[in-house]
Amino acid sequence: MQNFPILSFITLLPILGMVIILFIPKKQEIVIKSTTLAITAIQLIAAIILLKNFNYALGGVNDPSSFQFIEKFRWIDITGFSWIGRIKIDYFMGIDGISVPLVLLTAIISFIATLSSWTINKSVKGYFAMFLLLDTGMMGVFVALDFFLFYIFWELMLLPMYFLIGIWGGPRREYAAIKFFLYTLFGSIFILIVMIALYFSTTEVLADGTKVFTFNMLSMMNPQNFTATGILSPLNPNNLRLIAYIGLFVGFAIKIPMFPFHTWLPDAHVEAPTAISVILAGVLLKMGTYGILRVCFPIFPEITRQLVWYIALFGMINIIYGALCALAQKDFKKMIAYSSISHMGLVLLGMASLNSMGITGAVFQMFNHGTITAMLFLIVGVIYDRAHTRGLDEFGGLATQMPIYAGFTTLAFFAAIGLPGLSGFVSEAFVFLGAFGFTSIRTLTVISTLGILLGAGYMLWAMQRVFLGSLKDKWASLKDLTFREYAMLVPLSLIVLFLGIYPATMLNLMNSSVNAMVKFMANAQTMYGSLLH
Amino acid sequence: MNTNNLNYLVNSLYLIKPELVISAIIVLLVLVDLIMLKNKKLLPYISIAGLLIAGYFIIEHFETNSFAFSTSSSAGMLIVDPFGNFFKLLIVFASILVVLFSVTSVEIKNSLDRHGEYYALIFGMILGMMFMASASDLIVIYISLELVSLSSYVLAGFTKQSLRNSEASLKYVIYGGISSGIMLFGISIIYGITGSTNLYEINSLIQAPQVQSLTFLLAGILIFVGIGYKISAAPFHFWTPDVYEGAPIPITAYLSIASKAAGFALLIRFIKVTFIQSIDPEGFWHLLSIIDWKSFIIIISILTMTLGNFAALWQSNMKRLLAYSSIAHAGYLLLGLAVMSNEGITAILIYFVVYAFMNLGAFFVVMLIANKIGSEELDDYKGLSSSTPFLAVSLSIFLISLTGLPPTAGFIGKLYIFIALIDAKMIVVAVIALLNTVVSLYYYVKVLKHMFLDKSEKEIPAISTSYASAVLLIAILAPVLVFGIYFTPLVDLAKSSITLLGF
Amino acid sequence: MTQIGLNHFLFVSTVLFCLGIFGIITRKNAVMVLMGIELILNSANINFIAFAKYGNFGYQGQIMALFVIILAAAEAAIALAIVLNIYKTFSTVNVDEIDTMKD
Amino acid sequence: MTGNNLIQIALIILFLPLLGFTVTLFLAKKVKKIFLFETFILIVSFILSVALVFFKLNYFSQTTFTGEVNWINLGSISIDLGVMVDNIAVLMIFVVSLISMLVHLFSIAYMHGDKRYNRYFAYLGIFTFSMNGIVFTHNILMMYIFWELVGLSSYLLIGFWFEKKSASDAGKKAFIVNRVGDLGFFSGILILFATYHTFTFDKIFHQISLGVIPFNSEFWLTVTGILIFAGAIGKSAQFPLHVWLPDAMEGPTPVSALIHAATMVAAGVYLIIRVFPILTGNALEFIAIIGALSAFIPATIAITQNDIKKVLAYSTVSQLGYMVMALGVGAYKFAFFHLVTHAFFKAALFLGSGSVIHAMHHEQDIRKMGGLRKKLPLTYATFLISTLAISGVPLTSGFLSKDGILAGTFAFGNLTGQWFFAFVGFLVALVTAFYMFRLVILTFHGEPRDKEKFDHAHESPFVMVMPLVVLATLSIFIWYTPNPFNPEQGWFLSKWVKAPTIVTPQDARYSFLKSDEIKPEANVPTVQNVPAQTTQEINGSEEEVTFSKTYTEAMEHAHIPAMMLSLGLAGIGILFAFMFYQWKKLDPDKLAEKINPLYKLSLNKWYFDEIYDATFVALTLGISKLFAWFDNYIIDGIVNGSAALTKQVSNFSGKFDNIVVDGVVNGAAYLSGIVGLMFRRLQTGKVQTYIVLVVFSLVIILFIFKSF
């Protein structure tokens, strides 16, 4: 088990699946679908095995020795000349407590999304091929530890997403798709620049004793590895670390999406097919916050400490702003989209707290938001499949017509507004407790708690408009959930419930890593301060 | 004329074996064309064979570093060095592909009776370009440039039937004539100032500070006009869109790769050899301060890529769109030069290989589609995904690669350019260039959109591709993907060929 | 009376060059435009020869001039052929009207 | 029988209803009679709670048992959940499970034939579970958790008949208004945790008693107290968040009895009782003021309401106000006492009204009733007893507790010279007596005003009447004290309920609550971290002493005069009620004419809803609309390029519009569009133009670089 490259397996399996699918004739739609299902199922199982063998004690974050399931071999190695040094890129994968929940999340969501893609009937082959490609991209981002590799995966999921929204989306799909594409590419160019700049600022000593530039993220986290003159090296008195940090942050923030870079999200969500919205909200948004946590924080700890107040500020804006916008929406799906902007704000706030409680909350919130919002979008999908409209005001009294559906919705909604006993509450509470514990952002935290109230506002209002009141006769024929929909909603509900009652299972998973991260961030000041003089 | 001169001549001839082969092939082609009037099938094979031989010779002497045809002084008219050989190799490679394209192209088939001229002219171009790649004397530079131009004028208008065709050639000839004229004037001034036409001699002559820089600047820029027109750098690019649109597709593809490559070889050699002062161990060049080439190139390149990308946003004709995109790429390539470092040159070489694959590939697909639906209008591309998924997918891969998204080779090309830029601390330029990439994404994706997202009004029949062309396409496609994942050989090749004679 | 010197030649060549440019830009008839090109080439030739003569640079200048003349001839031939072709297709040689491809 | 068993029993009581809920919910469709299971569960848990009360009060009345289990352990932080069994808790649990059980029984008949019959019982189950949680919790986080769950279940129950818009509105309103309070509560928790890194009450108290206070300022301690109290304001429907309770009457009447009279609304008071030790003088004063207002305003409203349940609702708010005020003035024991007694007689009143409504076929307007005492004798009897209790007539439980509270305010007046609370207290006593009897008279006495409804009315079945009887009986003094005029001697107050040790810094307390004579450290409960499921005992013998002798004495002095006064006032109130409505000596309508503005004010509930709608709600919605607009037009607009630009560009090139439609998507792209068009313009297709451009640019370049 230990020497089996499980991370590569879990990451590249979907690509394999894609190849297989490409060889299945167009007509065999059912075969294609079930192949995809099988692939994602295997992926899920692999993820669970991974979890079983995961060592809770190891911290990871910036310490290569305590990462797990590491796979590392030389990928590109160009022995250059004196003036270029040598270009060296590793195929370097590994996970710690921060990435493992997201790996699990990705596996779960992909599986669920495959189920919900069952209704796709337009050029099925292409759809599932793209779907699996996307899957690889997402998974890769969470397991890559080499910046170059990370970037490749990061970009890899752009194109499939474009097609998935653009071909299988709603009426304004082309607009939404290109908007998503341009936005995210715009973001990633900053990541690219910073990546290269970091490359020229970081060296690593090889076995044969030669010093070479490296894309290895973990080396970038160790100030000892910085060159004296690199533009992003703290040793260089006039370095550009601050600017680079902002660039990088913006790059990731667009994915979160953080106000004011969020406008692609509602469009993308509204146009995307249900399954893709699920993926988008469930996993893609996390890539942004994960990026910040994995790249921005440990590589630029001292800058992070400088800017933490602003991060919290934007977190607060996201929370309040998103909630208020959600309150005004008339389109069910758009409302959910804005609500996830609001919830991602919590993640930002939690990370900004820089203490174990807050960061735990943030990571946990990533996972919970993944599951809960996935549920919400599935729920929207259910009603849209039946009624072919998403206007909140067009419904009413569905609770009498579709009681079980209403039941699941209630669960999801209350989970989203952080009702105790459901996972949403724990992460939310942790985020607030953590952030409040950090003196400088205390005020922001208190303001952010308004989100709790507003959340209840828009969710219950939507609840009332769709499910309560008297049933309109035109909906009198709507059927309650089908077996497939059960299969999608039940597991998620169980996760939400279980983690709400006994969150320790997930928290222990990330605990030591979070503590390591906190310790690292705490020492950053002294560590980097000493470097400068 | 004593013996050792003779020996020297023989040696020189020995050094330019590839060129000799090409010239021989020209003659052979003409003869064959005359002898067997009916059967033109043979011509492509001959050309391919000839190119392979030439290629072999190039590889054989890849590492050689020496002058050929020395004049009075030590320096010679031609140089044989890895740098030049790299470009010759690239040209040969491109030529092989173009010959293959021509075989499959319907446009060319239609004028079967004139195939002899066609291939002969192509080889004329090849010869000229090879000399461009290795010329170290202004005279040779001018002549080779003209040789290329003259043949390409004709080729641009080769299939005479269509309006666009002859119009293209007319514009090309006028525009080209003037540019080379201006260049020649510049050359004459330099000759006047330095009294020599050999780059090395000029270099040694102008090390002295008392050269009056304004005239020299004038001369330099006048010469740049000539080269800039070859590599279609703004503001000397105006011919490009019209000629690219007008010319037959194989020729367009050829112009976009080969003559651009030759032009770059020439430009780099001209600037480096003529104006170099010293190279520091970091590999950065320090040029003479007579002309501030660095900022000049930066301005030109940014102008070029911006103009190319933004103008491309609007194109509704595929060839024209690719024309503008190739202008934009010229801009990226110039950035590599603007770094004024060996790393920059490496980046350029890498980019050129990648660019050759993806651009030729794109043109090839466009041609295959045009063969069937007889149009390159974007609107006719609607719904191609259903009628010919294979072509659609491969075209999109090429376009994505042109955009420079991983994991395609295009990304690697750009990556190296940016590595060079950032290593030279030219962050701002890098940012501008990357923003350009974002813009370019839009029009490339517009093509994807037409093929995949839009449904066509009229029902288009399923387009079949012959096995031959399918194989060829895959052969071009494979490297685009492979180099995206594993690019060590590519970079090694580039690095081993950035040595110019004397440095 | 003063000796005819280098500057006179340069002056003439410059004038020729400008005339050439001017002709190219103003003349509508393709043939005239081609003539403009010829003017430019010849202005360069004058430079070469003048420089070679007054700067005692040896024969390179003259050689260059010869090359240029030959190439000019070739170019003219091709250009005229193309113009002919244009006349066949457009039935005009007015460069202004030949702009089907634009934007 | 040891502490361990008590903890175990407590846990069983806590979780039984959850079991009931789950089973009932999932079998609701399959098994018709599943509601019986739920009811059975409740009966069991009632029996258990009786046992619990018995053993606790008999054998361990001096000890507090806690059992805790680690929930989350982050290394740096560890969070324990746990239960605490002390006298307060067991008494409360007794009340809750008793009333809950009775309500279950009552509902069997009352809700009969409802299409979501079983689910109704399931909801009652989840409610009982969450309420038990609140009662047993030993830490504030768990308090908050169950607090929210209670909110949820009340949301579900109020909106049970969600087909009615008013019902679903009421549910939503209840939840959101509660959330407003919870914001404060949560912020309070934030402060506590940030300061003490624990949620457990004992540990927090301990640290405070050691002088550790938030941000090292008593001001912040006060703030914390008030913030936590905000939670209570929400749940106990105190002014200014009382608006949800009357609307909540949209729910089924038994629910109103259970949740909105006896238990959930009492949770607020219970919360203050739990955190009482950390409340500083200022905090208490604030609490007292809020209490006073909430006691007074609704009382005035109740006078003019005509919906039987609305009247009871407002009286509930008013009574809760009493309790809160009592706590505010330090009458801790009587507050809890009143909480208990009120729970019984108010539940009785509500169930009684339920029985009336049932009989009248869901007619709730008292103007359409009258003379029902002939038809519903038992209901009438019980209703009357409860009314006497709430009006504070001797021999009733209400008399004892209410009198105690009045005495408390009186004493407070004595000690501090602030007579405001006493004044309010007595005034409200008067008003209460009046409107309650108005209710009784209009409903049961006189002639039936709606004949046809009246004729169909009939006494309710056994399962409905039995609870009434039980509750009415519990409103008699004898259960609490042998002497109907002095509760102090009763076991309830002397043995069972003890005032806690106040831990706030001395100078932050009311002057009369300072406990100089003893040193706080001496009897501070020493809490060591105990492993899960073990108990540990806290010696509470000295509690009585520590709770300020001065105050206790003052209470005793205040007792007699307060009693006299309240008696008199109650009498007057009742008398007026009869004058107006029974003997028709006075005409209420005329009076209403005379004091029309006041009448209007009262009738329209002081316009609270209107004001809130006009201010907060409107504001929020307005802002949200604004932001949404902002989002669509400005932010997206910046990205998508402003309309003007578009227009200008489209003039620039006719094509542009189609291309916009075609999807040049964003503003960067609009700009690119223009730039592109400009570049495009250069490409005229005329070769000579190109030449001109080349030459031109040549010149420019020359000029640029000449300088170098």
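So that you can tell them apart, the chains are marked A, B, C and D in the order they are listed, and the count of residues begins at 1 in each.
FYI, a residue touches a chain if its C-beta (ideal position, glycine included) is under 8 Å from a C-beta of that chain, and two chains touch if they have at least 3 such contacts.
Treat the numbers as computed from the prediction; the structure is a model and nothing was measured.
Student: Once you count every C-beta pair in contact for both, which comes out on top, C-D or A-B?
Tutor: Output for the comparison: A-B.
Student: Hey, how far is the Cα centre of chain C from the one of chain D, in Å?
Tutor: So the centre of chain C lies 97 Å away from the centre of chain D.
Student: Chain A to chain B: how many Å between their CA centres?
Tutor: 43
Student: Please report how many Å separate the Cα centroid of chain B from that of chain D, as a whole number.
Tutor: 79
Student: Between chain A and chain D, what distance separates the C-alpha centroids? Give it in angstrom.
Tutor: Centres of chain A and chain D (C-alpha means) sit 38 Å apart.
Student: Could you check chain C for residues that touch two or more other chains and list them?
Tutor: Residues 21, 24, 33, 95, 98-103 of chain C touch two or more partner chains.
Student: Two or more other chains touching the same residue: where does that happen in chain D?
Tutor: 663, 665, 668-669, 680, 683, 685, 687, 691
Student: Which positions in chain A are in touch with at least two other chains?
Tutor: 174, 178, 182, 186
Student: Can you identify all of the chain pairs that touch?
Tutor: Chain pairs that touch: A-B, A-D, B-C, B-D, C-D.
Student: Quick one: which bits of chain B touch chain A in the complex? Just the residue numbers, please.
Tutor: Going through chain B, the ones touching chain A are 281-283, 341-343, 346, 385-386, 400, 405-407, 411, 415, 418-419, 422-423, 425, 427, 430-431, 434-435, 437-438, 441-442, 445, 448-449, 452-453, 486-488, 491-492, 495.
Student: Could you list, by residue number, the parts of chain A that touch chain D in their complex?
Tutor: Listed in rising order, the residues of chain A that touch chain D are 174-175, 178-179, 182-183, 186, 260, 262-263, 266, 321, 324-329, 355-357, 360, 397, 399-400, 414, 419-421, 425-426, 429, 432-433, 436-437, 442, 445-446, 449-450, 452-454, 456-457, 460-461, 463-464, 467-471, 502-504, 507-508, 511-512, 514-515.
Student: Would you mind writing out the residues of chain D in touch with chain B in their complex?
Tutor: Within the complex, chain D touches chain B at residues 655, 659, 663-665, 668-669, 672-673, 675-677, 679-680, 682-683, 685, 687, 690-691, 693-694, 697-698, 701-702, 704-706, 708.
Student: Could you list, by residue number, the parts of chain D that touch chain C in their complex?
Tutor: Within the complex, chain D touches chain C at residues 680, 683-688, 691-692, 695.
Student: Which residues of chain A touch chain B once you look at their complex with the stated criterion?
Tutor: Answer in residue numbers: 75-78, 80-84, 87, 123, 126, 151-152, 155-156, 158-159, 162-163, 166-167, 173-174, 177-178, 181-182, 185-186, 189, 192-193, 196-197, 199-200, 231, 240.
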